């Protein structure tokens, strides 16, 4: 999995702070833009603490994500307040077996070997179908959920906060959870105020809506 | 593929017509609701002809779709102005090989046999992984795009009109195109005014934005 | 203010319950639809309790709202996951002074009288502008926030739950709060399971994100 | 009216071009990012010409807009694929009469004078209500549609293209049309490829969906 921010709203904390300040001020935008950073950041922090998250929608982040499975992207694109451009299996021919192995399978020598053999077998059939004149969009029906894909994703900060709540959680599927934590690591460097308290609900809200006692994070929450 | 409407806004043409009438009228809603059907339908037709489609958002349709491939649903859920509830491969164990065969493969005896054998081989491995204690959410990495799934979809009429423009088109992938035409057949029975001119752009707009000369429908458009 | 549901997904609790059941079941949609009401409603309740609210998006409600101020509708239409058809001040000529008086003004005899006189004065000018040939869309610039308007609104149940959290709250503006409580009263009759715990966060979540000590509801929350 | 871009995706044409290229390429994102500008821009132009506009969603623009009427913003915020932070009349006290005069009124000496007098009268009453202890959120009920407001708006390029189609049109209301053309002027400097053909449908599509013969632009379209 490779996750990189390839573009983002410059100085996202500042833009969102200006928007927050404008709503409760007589001042014109150009005057608000001249406020010092300390004033602006304290306004932004207060507004986020109150849960008034619409102001952070003004900041967007574009990620280039590669080497993730189609199992992951089928989940990812369910997040509707976002923009996606994905490598198309209808038009792009992937001759070589390129796939993600779940850790639970990889750590078992025998299962791993069988998994890899099956992947090779699948791609042989895929290539054979193409040779026989079957179009890519039909040959791909044999390709597995494990098949690697590339995708460019843009989300605004509010949608990202929601994404992190759902996908950084221990109940999220391991591959999309890894993606979520890596995305969070990246955005935090760029917008430290906006994402200061981002993460799963046990971190952000102090409680677990899933109410699953077996979660290893659950007790930490309780002691807070 | 099985496609059925399991719920919808009752009398959708009428509800949207009332909304259309309200915007340009002094009358209160209860007076507009008493207008006769002929008046209301003529208002709705005129508004739709002008391309003012926001009024048809007041009508929603819920489809139960089963026996379609995960290749299809990965495309389907890219339509963001819609609501989805899909059978989860993370939690539901699908022991038997249940899959969609593309017609281009099915019509070739040899390719079809190999395809079926590969599917059986994949599901054997899937079941073996489960027996070895691998969770469903990881075992599913071997499952193919062809794997069948069930999904419940709700879209409002405006989002459906857009869906039909994109997916009834000859350039759409065959499986989602079949779904789109079947959905269109169903909604037309219930909302004949709203969906009177629904379909691909060559039907609705009289031109092909894809500009692909090789389309078999393209000449028909020209002669209109 | 007049608030009426003029259309809705029939049997909304049931449709959402079917969607919830489908996601975790091997069963085909038609089998799930045959499940008895008790089973379905218990599935729906559990899913809502866990905060998995996407399933309630399958139910939509259409409200005819009349006699509310343009101050209210300017706030209302900020809710983006919704569909609106509003009486247009650009095209509809409102000759008579029709307006909402805030209770804080109405209860003071002197202020009320002055308010009413100003309204009459405004509408005289509005009608005069029209007589002089000024188009409706320009004459309306003199009309006040208090001017009454009619609007038809469709929201799905998930968007409504969010609307109620924000607008049933004591910190919401009084007019939209009245609207929100009346809408909640209506939908609860039709979808008792979905809206069982709907309302402001102090009711639904057991805490106040606004953290305002002066709220009369706040202590009740604390004692829970 | 003052319209300024205060933030935007850096190099928006390039980011969208990378997204467009990725969908039909075997290459990894980092390889696509190394493509030269000419190649990327030709891919982007082709994709936009085909009407595949999802790729331009990756670019966002944030505008600070001040000195527009509340009549305008009530229309503006109806565009739902956008983010807004507006100066609140509930919390911000606007002591001085600050308002927009429609040109049709301004150019008539007598009407203009009466309009201005009415505005002064309205603000006197507004200030008097505040003095009497009426809260801002209630006193504002007397304020007119003409009252000036400030708003920060973020839209992605796809949503902007749609906004321009609707609001640059001669049938749009004059104030929001002026805003739309000024926003278009700004974004074109920053993203010349994306917005090359932006504007009303008679410019972008070569026909008028409104079918109104009296439009002064209409004949130009016909001669094209």
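Of note:
First chain written, first letter: the chains are A, B, C and D, and each begins at residue 1.
Here, contacts are C-beta pairs under 8 Å (C-beta built on N, C-alpha and C of every residue); 3 or more make two chains touch, one makes a residue touch a chain.
Predicted model only: the values in this text are computed from it and were never measured.
Over half of the residue-numbered contact pairs of C-D are shared by just one pair in A-C, B-D or A-B, which is A-B.
Separating the CA-averaged centres of chain B and chain D is a span of 32 Å.
Distance from the chain A centre to the chain B centre is 26 Å, each centre being the mean of its Cα atoms.
Shown for chain B are the residues that touch two or more other chains, namely 84.
Taken as a contact graph, with one node per protein chain and an edge wherever two chains touch, the assembly is complete, since every chain touches every other chain. Of all residues in chain B, only 50-51, 209-211 touch chain D in the complex they form.
Interface of chain D with chain C (complex): residues 69-71, 73-74, 77-78, 80-81, 84, 89-90, 99-102, 104-105, 108, 111, 114-115, 118, 121-122, 125, 128-129, 132, 134-135, 137-138, 140-146, 173-174.
Within the complex, the chain D residues that touch chain A are 2, 4, 6-11, 15, 18-20, 22-26, 28-30, 33, 54-55, 57-58, 60, 62, 64-66, 83-88, 91-94, 150-152, 154, 156.
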